[in-house]
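Next, two complexes with subunit A in common: one pairs it with subunit B, the other with subunit C.
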Partner chain A sequence: MHELLLFASVPAHQHHELLQQLAGLTAMQPRHRLERRLVFKAYRKPGLVTTRVGASQDVQGADLQRLNKMLNGGMYYTQVVGPVTKADFGATSLSAMSASHDADVSMSGTDQSSYCYENQPWKLEFRDIPEAGTRSAVTTRLMASASLPKGDIAVPMNAWGYSFVTEYMVEGDVFVQNDIVIFLHRVLLYPQAESQDLHGPRRQLPAYHELTPLERTGSYVLQAAITVQDGSNQEMMKTASQHLFGLREQLKSAVRLEQADRLSLDTRAK
Partner chain B sequence: MSDSFTLPLRPLLEKRERPDTLPQEIAQINAQYGSFRDVTEESLRATIAEEKNKDPWAEEDEAEKPAAEVDTTERMDQLYKRRAEITQFAMQAHMEALFALDFVSLLLSKHTPRQAELSMSAYLKQVAPLGSLNAEIVNPPPKSEAALQDIKTVSRGWRIQNFNAAANKLLRSATRLETEVASETKYWDEVLAVKNKGWKVCRLPRDRQALGVQYGFLEATPIFRDRGLAALRRADDGSLLLDKGLIPQKIRTVRVRVKTQGQFTGCSKVSWSLTNADSIEGRILQARDTVYEEELFHEMVREARIMGSQGVTTRQNLVQVPVSEEQEVLLDLVDVDQGEPADTESLSNEHDTLADAVAHSIRILLAYAHRQNLRRRTQPPPPLTPKRRHVPEYQLLRPVMAYLQHTAHVRSLESFMGDIVGVLKAAGLRCGFTSAPFSSVRLPTVHASVPKVETLVKQFLMPFESTFTGNLLTPESSFCVKVRTNTVSPPSGTYFEITVNLPHHPEVKPPSRIGLPTEAAAALAHFMLLDIVTTIANKGVKSPEGTDAGKGVLSWEAAYAHHGELRALSGSGNNKKMKVSLSREELTVQTYPLRGVDVSGSAEKGKTANPRSQSWRADSSESRPSLMEFVEEVSQDRP
Partner chain C sequence: MSSLTPDQIKTLEQSRQRLVQLTHSLASLITSLNQSDPLPSWTSLQSQATIISNNLLTISDHLSDNRDLLATLVAYPSPSYPSRNPANTVALEQLLRTKLDPRVEDWVARGRKAAGAAGNGNGLDDLGALAELWDWAPVEANQEARRRNWGGNFTLEEREQGVGNVVTGLRRVLEDDDDDSESEEGESGEEEGEGEPDEMEIVGVRRKSGVGQGLEFDIAPVSATAASGPGHAGQQKVVAPVVPLDEILRFMTVGIMPSQR
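Moving on to the complex of A and B:
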C-alpha cells in the first residue's frame, strides 16, 4: 500500500477555528483520538552471517541472494500504535494508592478506570522513507499496517528483532472526507521519568495534564492522508493526488497544505 | 423620504419684477382675439365649452383608423418600407460621420500628417493632398447688444432646464433607492427568520452571489443530496422566493395501498396539511418532504429490482409487494394535490391502519439507512482501489415484507392450531398450546456507543422468529414449532421448523425445514393424529389389564398408526377396526367389524349391520359423548 500525504502547521490559536472549519467541510463531528506510540528500531542479531559484498566471483544462488538482501537490506524504525482513552490517564496514582492500601492486590482489576497494560491493543505501522524525485507535489511513501497481539508488546517485538527506543503520545482529531483522512494532531511527551528505566514501554500512564507538547507553543500538525492499495497503478496514484489537491484548494484560505521535507520523514535506521 | 430631504436640489427661480409686462400682454390679446369690446362672458364661456367638448383624441383616431384597416400584406409592405427607411437613415448617418471624419483628418493632416493619414479615406487621399486645409482663429465681428442678451437668456433657460432634469433624476433615484432598501431589509429579515428557525443558510456553490438554504439530507444518495439545496431569491417587493431550479414544484409523496383479493382495502394518508403552507418555512418544509419522498421511492424501486425473485414487481411508477396469497401492498409516488383518484377503486378502509403503518415504517427505515450512511462515511475509508465501491440497497421493503409475511404465516398457523384444539376440546380431549409471536424481537439493552433508536430499528432488520409450544395428549410428549422469516440475507422466505417429542413413536422425525404453511399444518395434524391413536391404544391397554373388567372389553392396538387405524382382536370373533381421521374441521372415528384373524390385516372384511361412526366439530353445540366414552362404548366385545 502507498500513502499520499500533505501537511500543514497549525498554530495553537487557530486550532479551535480550524476544527470548526473542518467539521463544516467534512460534515461530521471530529473523532478525538489518543494514541500511544512506541518507537522500535530494527537491529541485526549478533552472530548473523554477513556476506561480503562486492566479491563478484562469489556466485550466489538467487534464493540466497534474496535472503541476504532481506537480512542485510535497510533497517527501519517502526512504530507500534495503541489507542487509549482519557480515562486511562492518571491511573498511576490510583494504582499507586491501591498499592499502598494493599500491596497484595494485583494492580489490574482493582479499579475500573485504571489503565490495563495487559489489555492494550496494538498496531504495527511501518512507513518507508518518502519516495525521492517524484514530480508530484505530494509526499508519497510505502506503508503497511498490521494488528499485533494485546498486552506487553516489547517481548514479541524483541523476538522479531526490534528494540524499544522511546515512546510518545499523539493527541488529535480525525475527520474523513471521502477517501481522505484528515488528522489534526500534536505530539505529547511524557514527563521526564525520574527513576523509570527506559528499556521498555510504560506500564502506567501519567496524569494527562503532566504531558507536555513536543512543540512548546502547542501548535498542531494537519495531516491529510489517502491510501492507495496498489502503488504501481499510476492512474490511482494520480487520482489520489488529485483528491489531495482538491482538498488543498478547499482549505487554501485556512491553512497551506504542502509536501513535507523528505529527509525529515526518514525512517531508516543507520 | 423626499419630503424630509432638506437639501435643495431644484434651482431657485428668482421672480424678477417685470413692470412692463401688462402692456405687452394686452397687445398680445388684442392681436389674438381682437378688441376687448367683443369679448363678453358668453363668448368666453362658449369658447371654453367648445374646447372642452372637443375630443382630444379625435384627430389621432382619424389618423389611426386607416392604419388599423391595412391587411397583412400591406402591413408587410409597410414593415419593409420602414425597415428600408431605417437602413437608409443609418447609412446616411454613417456617411455623414465618415465625411466628418475625413474633414477632421484633412484638417489635422497639416500638423500631424502621419496620424491623420490613418483615418483618411482612400478617395480623399487621392483628390486632396495632405495638409491642404488649415484652420485659423479669426476674430468674430462684435455682436449686437440684443443678440448677446438673447444668448444669455437662452443659455440661462438651458441651464435651468438641465438643473431641473438633474434634480428630478436625483429625486427619482432617491425614491428608487428607498424602495430598494425597504425590500432589501424585508429580504434579509426573512432570511434571518429562516436562519433563526435553524435552517442552514449558505452561499450557493455555483452562484456565489446568491444565498441558499439547505434542507436536504446530507446522507442521501448524491443526486438527492444535491437537490436538498435551494436558492433564496428576492422578489421585486423583497419577499423571499425559494428557487429550486429545474426541479418541478409539485409536492409528491409515497402512497401505500393494500390490495386484498384483487380489491383495494386500504390506503395510507396522502396529504397532511401543513399549518402555514404559504410561508417560506412551510415551503421549505414541503420541499424537504418532497425530496425525502422521492428519494424513498427511488430507493424502493432500486431495492425492488433485486427482490424480483420474491415476487416483487415494479412498473414505471409502482412497486408491488406480495405479502400473502391474497394480500399485496402497492407503493407509488403521487402528487399530493392531485386529489384522490383512488377513491373510486377503494372499496373499504379496513386496512388503512396497515397501510399507514407500512408508510411510516419505510420512512423510519430510510432514516435509519441515512444514519448507517453517516456511520460508514465517518469511518476511515479503505485504501483506494480501481474498483468502485458498490452502494448496497437500503433495507426498506425487505424488513416490511418479512414482517408482514411472518405475521401472515404465524396467524395462519395459530388459527389452524386453534381450530384443532377446538375440535379436540369438543371431543373431550385436553390439549393446549402457547404461541410466542416475534419471540426474536427483544427490546435492546442500552448500549452507549450506539444510539437507542438505531438499536431499536436494528432489531427489525434481523430475521424474525416465532415459536409455538404445546403438550400433546400422551404425557411427556410435546411439540414445538419455530417459524422463521428472513428476507434480508439470501435464504429468503419463511420456513417452519417442527420438533416433536413422541415417546411412543421414537422413529418419527419431522422434516427439518418446511417451506409451506399448509405442509407445516399437515405435519402437525399428522402428529396430533398419531398422538390420538396412541392415546386410544394406551387407554385400551390400561383398562383391561388391571382388573377383570377386561372381560368383554376389547383392547385396541395401533395397526397402521400413520393412517389412523387401530384394531381390536377378541376371542369371540368380534374383531373390530377403528379409523381415526383428523382435520381442522372435525375429528371422525369410525369402527368396522372385522372378520378373520389375519394379523396382516388383509382379512376379508364383511360389514355387519353396525359400522359405527362419530365425529366432533368445534362449533357443534349439541352434547356428544367424548372420544373416550365413545371408544369405551365401541370396545364392548359384541358385534
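Moving on to the complex of A and C:
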C-alpha cells in the first residue's frame, strides 16, 4: 500500500479554531485519539528473520515482493502503535482484572481504572522512506500495517531483530473527508525523571498532566493522508494527489499544507 | 522520471544567474573591504549592503515561488557526463550530495539558532512593546488633540505666515473665516444662528473640541482596553512553533530529539 501525505505546522493558538474549521469542512465531530508509539530499530541484518511480519499473505503480487525486499533487504525503523484512553493514565497497573470492561472496542482488554500492559493491543506500522524524484508535490511512501499480539511487545520485536529505541505519546483528533484522513496531532513526551529502565516500553503510564509536549509551545501537526492500495496504479496515485491538492486549496486560508522534507521521514537505519 | 520542460530549465537557469549575482556582489564587498585602505566610505558600504540584500530578496522570492519544482528535483548524472576530469568529479560530487556540506550545515544551524532567538526573545519583546504602544497612543493622541484649537481652514502657523502663501491645491478660495468653517461643519452653524459670528464661532469651536474630547475620552479607555485586551491575549497565545515541522517528523520517525541534531 502507498500513502500520500501533506503536512502543516499549526501554532497552538490556532488549534481550537482549526478544529472548528475542520469539523465544519468534514461535517463530523473530531475523533479524539491517544496513541502510544514505540520506535524500534532493526539492529542486525534481518536475513535471520524467518517470521514474516504480520499478514503479508494479504498483500499480493508486486507489492508483496517489494515488501519482502523492504523487510529483508534493508534495515529500517518501524513503529509499534497502541491505542490508549485517558483513563489509562496515572493508574496503577493491576494485573488482576476486574469484571467491568471498558465499552470501547479497542480498549476491550483494559480495566476502567487501571492500565494493563499485558492487554495493550499493538499494531506494527512500517513506513518506507518517501519516494524520491516524484514530480508531484506530495510525500509518497510505501507503507504496511499489521496487528501484533497483545501485551509485552518488546520480546517478540527483539526476536525479529528490532531493538527498542524510544517511545512517546501522540495526542490528537481525526477527521475523515472522503478518502482523506486528517489527523491533527502533537507529540507528548513522558516525564524524564524515572528510575525505570528505559530499555523497554513502559509498563505503567504516568498521569496525563505529567506529559509534556515535544514542541514546548504546544503546537500541532496537521497531517492529511490518503492510502492507496495499489501504488503501481499511476492513475489512482494521480487522483489521490489531486484530492490532496483540493484539500490544500480548501484549507489555504487557514494552514499551508506542504510536502514534508523527505529526509526527515527517513526510516532507514544507518 | 520525466525530463524537464523548457520552463523548468528556465527556472533553474534563473536561480543560477541570481546566485551568481549574489556571489559577485558578496565578492566585491569582500574585496573592497580587504583591499581599500582606508576602508571604503560608509555610503558605498551601505549601497553594497543594499545591493546584497536586494539580491537575497530576489533569490528568496524566486526560490519560494518555485518551491514545488525545486523541492522535487533530483540530480543524476547522464552517461555522457565527462566524469574522468577531476574538476568535473568535484562538481559531480557536490551535485549528488544528499546532505549539506558540513560547513553549510554549520551556517544553517547558526542561522536557525539566530532565527529562533529572534523569534523567541525579540519577537515577544516586540509584541510587548507593541501592546505598550497601543496603550500609550490613544491617550497621548487625545492629549495632543486637546491642545489644538480645531476648526478653520488653516493652521496657526499658516495664518501667522500669511494665508495667501499657503498652497492648498484647491480651485475654490478658502476663506480664513469662521462662517465658512461653521457652515461646513453644519451642526454648530445651524444651532448658533447668526449672532456674532466671531464669538459664536469660537464658542462653537471650543464646545466642539470639548465634545470631541468628551467623546474621545469615552472612547479612549474602551479602545485602550480593546487594543490592550487582544494585545495581551495575543502576547500569551500567539507563539510561533519553536521546533520546525521537519524536526518533529524526524523525532516521530526515528526518535531523535530535536535538540540533539
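Convention: the second predicted complex is superposed on the first by the 220 of 270 C-alpha atoms of A that agree within 3 Å, B and C clash if a C-alpha of one lies under 4 Å from a C-alpha of the other, contacts with A are read in each partner's own complex, and residues count from 1 in each chain.
The rule we apply is simple: a contact is a pair of C-beta atoms (placed from the backbone, for glycine too) under 8 Å apart; a residue touches a chain by one contact, two chains touch by 3 or more.
Quantities reported herein were computed from a predicted structural model and do not represent experimental measurements.
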Which holds for A:116: it touches subunit B only (first), subunit C only (second), both, or neither? neither
Practice task
Quick one: classify A:263 as touching subunit B (first), subunit C (second), both or neither.
Solution key: second
- Message: I'd like to know which partner A:23 touches here: subunit B for first, subunit C for second, both or neither.
- Response: neither
- Query: So, does A:236 touch the first partner subunit B, the second partner subunit C, both, or neither?
  - Reply: first
Using the touch definition from the top, say if A:148 reaches subunit B (first), subunit C (second), both or neither. neither
Quiz item: After lining up the shared chain so the two structures overlap, which partner does A:187 touch, if you call subunit B first and subunit C second: first, second, both or neither?
Solution: second
TODO: Based on the superposed arrangement, let me know which partner A:217 touches: subunit B (first), subunit C (second), both, or neither?
DONE: second
Subunit A contact check, subunit B vs subunit C, more residues touched by chain C
So, in the complex, the side of subunit C touching subunit A is made of residues 1-2, 68, 71-72, 74, 98-99, 237-255, 258
Per the touch rule above, subunit B residues touching subunit A in the complex are 218, 374, 377-381, 383-386
The residues of subunit A that touch subunit C in their complex are 7-9, 11-13, 37, 39, 41, 77, 127, 132-137, 165-166, 168, 170, 187, 214-217, 219, 221, 259-261, 263-267, 269
Given the complex, residues on subunit A that touch subunit B span 1, 27-29, 31, 174, 176, 178-179, 181, 226-230, 233, 235-236, 239-240
